[in-house]
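The two complexes that follow have chain A in common; it is paired with chain B in the first and with chain C in the second.
Presenting the complex of A and B:
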C-alpha cells in the first residue's frame, strides 16, 4: 500500500501545475502594506524618514526577485510549465493588463474631470493660474521617441529570438532595457526641474498621478526586461517557448500605447 | 454702489442660463462674479449692463464665498486672470 502511494506520486494525470505553499505572496503583501503606509505618511508629512521608504522598495524588489526565481526554477528546471500552464499564465497576464487598463482609465477620468470643467477653486481655468506646464516639444517629445523606438527594438529582439538568433535577440533586448532606463532618467530630470509639485492644486495631483503611474510601470517593465535578459543569457528561453518574454513584451507595448495617451493628454492637450 | 438698496429690492431668483444647465449653479455664480468685475474694469461702475452680473451673483452666490473671493482679490491671489 505504502509503495503504491509512492509510485502514484511519481506522475500526475493532469497537465496543471499544482503549486506548493509559498511564502512570497504573503511577504509581498506585507511589503506592499508597508510601502503604502510609508508613502502615505511621507506625503502627509507625518514622517520625513525616506530611509524606511527606500528599505521598503528594496524589500519589495527583493521579494519580487525571489518569487521570480522560484517561478523560473519551476519553469526551466522542474518542467512544471506545460502548454496548459503557459496558457493559464498568459491568460492571467492578460487579465492583469485589463486591470491596468482600468487603472489608467480611472486616472484619465480624474484628469478629464478636473480639466474639462475646471472647478471654481482654480478659477475655472486649466491649467490653473501660475502653473507653468511642461513644453510638449521639450523632454517629453524625446521621451516619446525613446519609448516608440524601444517598441521597435522589442519587436526586433522578439523576432530574433523566434529566428534563433541569440546575439540579435540579446542585443535588441539590451537596447530596449537601455531605452527604458533612459526614459526613467529623463522622467526623473523632468520631475526634478518641474515648477509645480504633487501638492500644487488638482493640476499637480492629476498630472503626477498619470505620469507617475506610467513611470512606475516603466520601472517595473524595465525590471521585467532585466529578468528576461538574465533568462535569455542563461539559455532559459527557447525560440518555441518563452511565455515570460511574451508577457513582458505585451506589458511593454501596453506602456508604449499608454504613454502616447499620457503624452497627448498631459503634455499637449491639457496645457 | 449708489443704487445698491434699489437693486437689492429688485433681487429675484434667476431663471435658466443655457450655459449652466445643471442643478448645481456653482459655476454660474462664479462666472457672474468674474464677469461683473471684468465688466466694471472695462466699462466702469456706472455701466448699466454690469449690474445684471452683480445682481445675478448676489442672488446665486453664498455670502461666505463672495467674502472669500473679495478677500482673495484684494490680496491678489484670486484664481482667475485679470482681476
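Presenting the complex of A and C:
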C-alpha cells in the first residue's frame, strides 16, 4: 500500500484513475445478451426452458458482485478514488439519474396520453367503466408517508456519517432500509388485493407500468442501501469519502420525488 | 517491508523522474479546516434530522391506525366478492382481462390475487 502510493506519487502526474483491463464489462455484455435473448424467447413462447434463464440471472448477479468487489477494493484499499475521481463518479451517476428521469417522463407521457383523451374503446372516460380505482387515502397514503420519512432518516444517517458518528449513521441507515422493505411489502399487498390487473384495459397497463417501474427502482435502491450498510459496518466509508453512499442517497431522494408525482397522478388525479 | 520501501525511495531519488506531487501546506491546512468545519456543522444537523425522524414516527403510527381498518375492510370486501355466484359477478367489459396469448408463466397475471376476475374461457 505504502509502496503503491509512493509509486503513484512518483509516476502519475494526474489525479485520475487509469483503469486496468478488466474482464467484467465483456462478461456482463455476454450475460446480458443471453438473458435478454432467453427472456424474449420465453415471452414469445419459443422456448419454455426456465433453466437457461435461471443460469443467466445467476451469472448476472455473480458478475455484478465480482465487479462491485473490484470497485470496492480500488476505492477502499488501493486509494484509486481521489477527489477528482469521486467527482467524476458523482457526475456519471447524475447523468444516469437524468436517463431515469427521462424514462419516468416517458411513462408519465403514456399515462397522460391515455388519460387526458380516453379512447373510444374504453368508452371515452377515465378510469374506464367497471374498473375500481384505488383510493388515495388508503394504503398509498401510508406508503407516501413511509417514503417521505425514509428521506428524513436517510439525511439523518448521512449527516451522522459526516459528523463521524458511527452508531447514529448505522441506525439511520437501518431505519431507511426497514422503511424501504416495508414499502415494498405494502406495495406487494396492494397489488395482490387490487381489483384490476395489468391486462385490464390501458388503465391497468399504465398504472402498473408507472407504479411497477417505481417499485423496481425502490427494490434496487433498498439493495444499494443494504450494500452501504455492509460497507459502513466494515469501516469502508469515511466521513470525508463516501462516494457510493452519496450516490445511493441521490437515487433514494430521486425515488422519493418520483413517488410524489406517481402518487399525485396515479392515485389522486387519475381516479 | 520497510527495507524494501527504503530501497525503493533510494532508487526513485536516483532516477530521472520528477516527483509530481509536492505538498502544499497552505492548501492542506485549508482542506483540513474545511473538513473540520463540515464535521462541526454536521453535528448540529444530525440532531435536527434525528429529531425530525423520531417525531415523524408517531405520525406514521397515526396513519397506520387510520389506514389498517380501511385496508382490512377492503380485503374482506374483495374476498366476499369471490364467493358470489358466477351470474352475480360484476360485468366484464371487452377491454378487461385481455389475453391475446398466455403469459410465459401461465394464464394468470403476475400479481394474481384471490380477488381478480375469473379467467374467461376461450
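Convention: the second predicted complex is superposed on the first by the 223 of 271 C-alpha atoms of A that agree within 3 Å, B and C clash if a C-alpha of one lies under 4 Å from a C-alpha of the other, contacts with A are read in each partner's own complex, and residues count from 1 in each chain.
Just so we're on the same page, a contact is a pair of C-beta atoms (placed from the backbone, for glycine too) under 8 Å apart; a residue touches a chain by one contact, two chains touch by 3 or more.
Since the model is a prediction, treat every value here as computed from it, not as a measurement.
After alignment on the shared chain A, the placement of chain B and chain C results in a side-by-side fit free of clashes. In the superposition on chain A, contact of A:51 is made with neither chain B nor chain C. In the superposition on chain A, A:116 makes contact with neither chain B nor chain C.
By the touch criterion stated above, A:125 is placed in contact with chain B alone, chain C being left untouched.
In the superposed model, A:18 makes contact with neither chain B nor chain C. With both complexes superposed, C is the one of chain B and chain C in contact with more chain A residues. Taking every C-alpha of chain B against every C-alpha of chain C after the fit on chain A, the minimum distance is 5 Å. Within chain A, the residues touching chain B in one complex and chain C in the other are 121-123, 128-129.
Those residues of chain B that touch chain A in the complex are listed here as 26-27, 29-31, 34, 78-81. Residues of chain A that touch chain C in their complex: 2-3, 6-7, 9-13, 42-43, 45, 48, 121-123, 128-131, 135, 137-139, 141-142, 145-146, 148-149, 152-153, 155-156, 159-160, 162-165, 168, 172, 175, 188-189, 191-202, 239-240. On chain A, the positions that touch chain B within their shared complex are 117, 120-125, 128-129. The part of chain C that touches chain A in the complex is made up of residues 1, 4-5, 8-9, 12, 17, 19-21, 35, 38-39, 42-43, 45-46, 49-50, 52-53, 56-57, 59-60, 63-64, 67, 70-71, 74-75, 78, 90-99, 101-102, 104, 109-113, 115-117.
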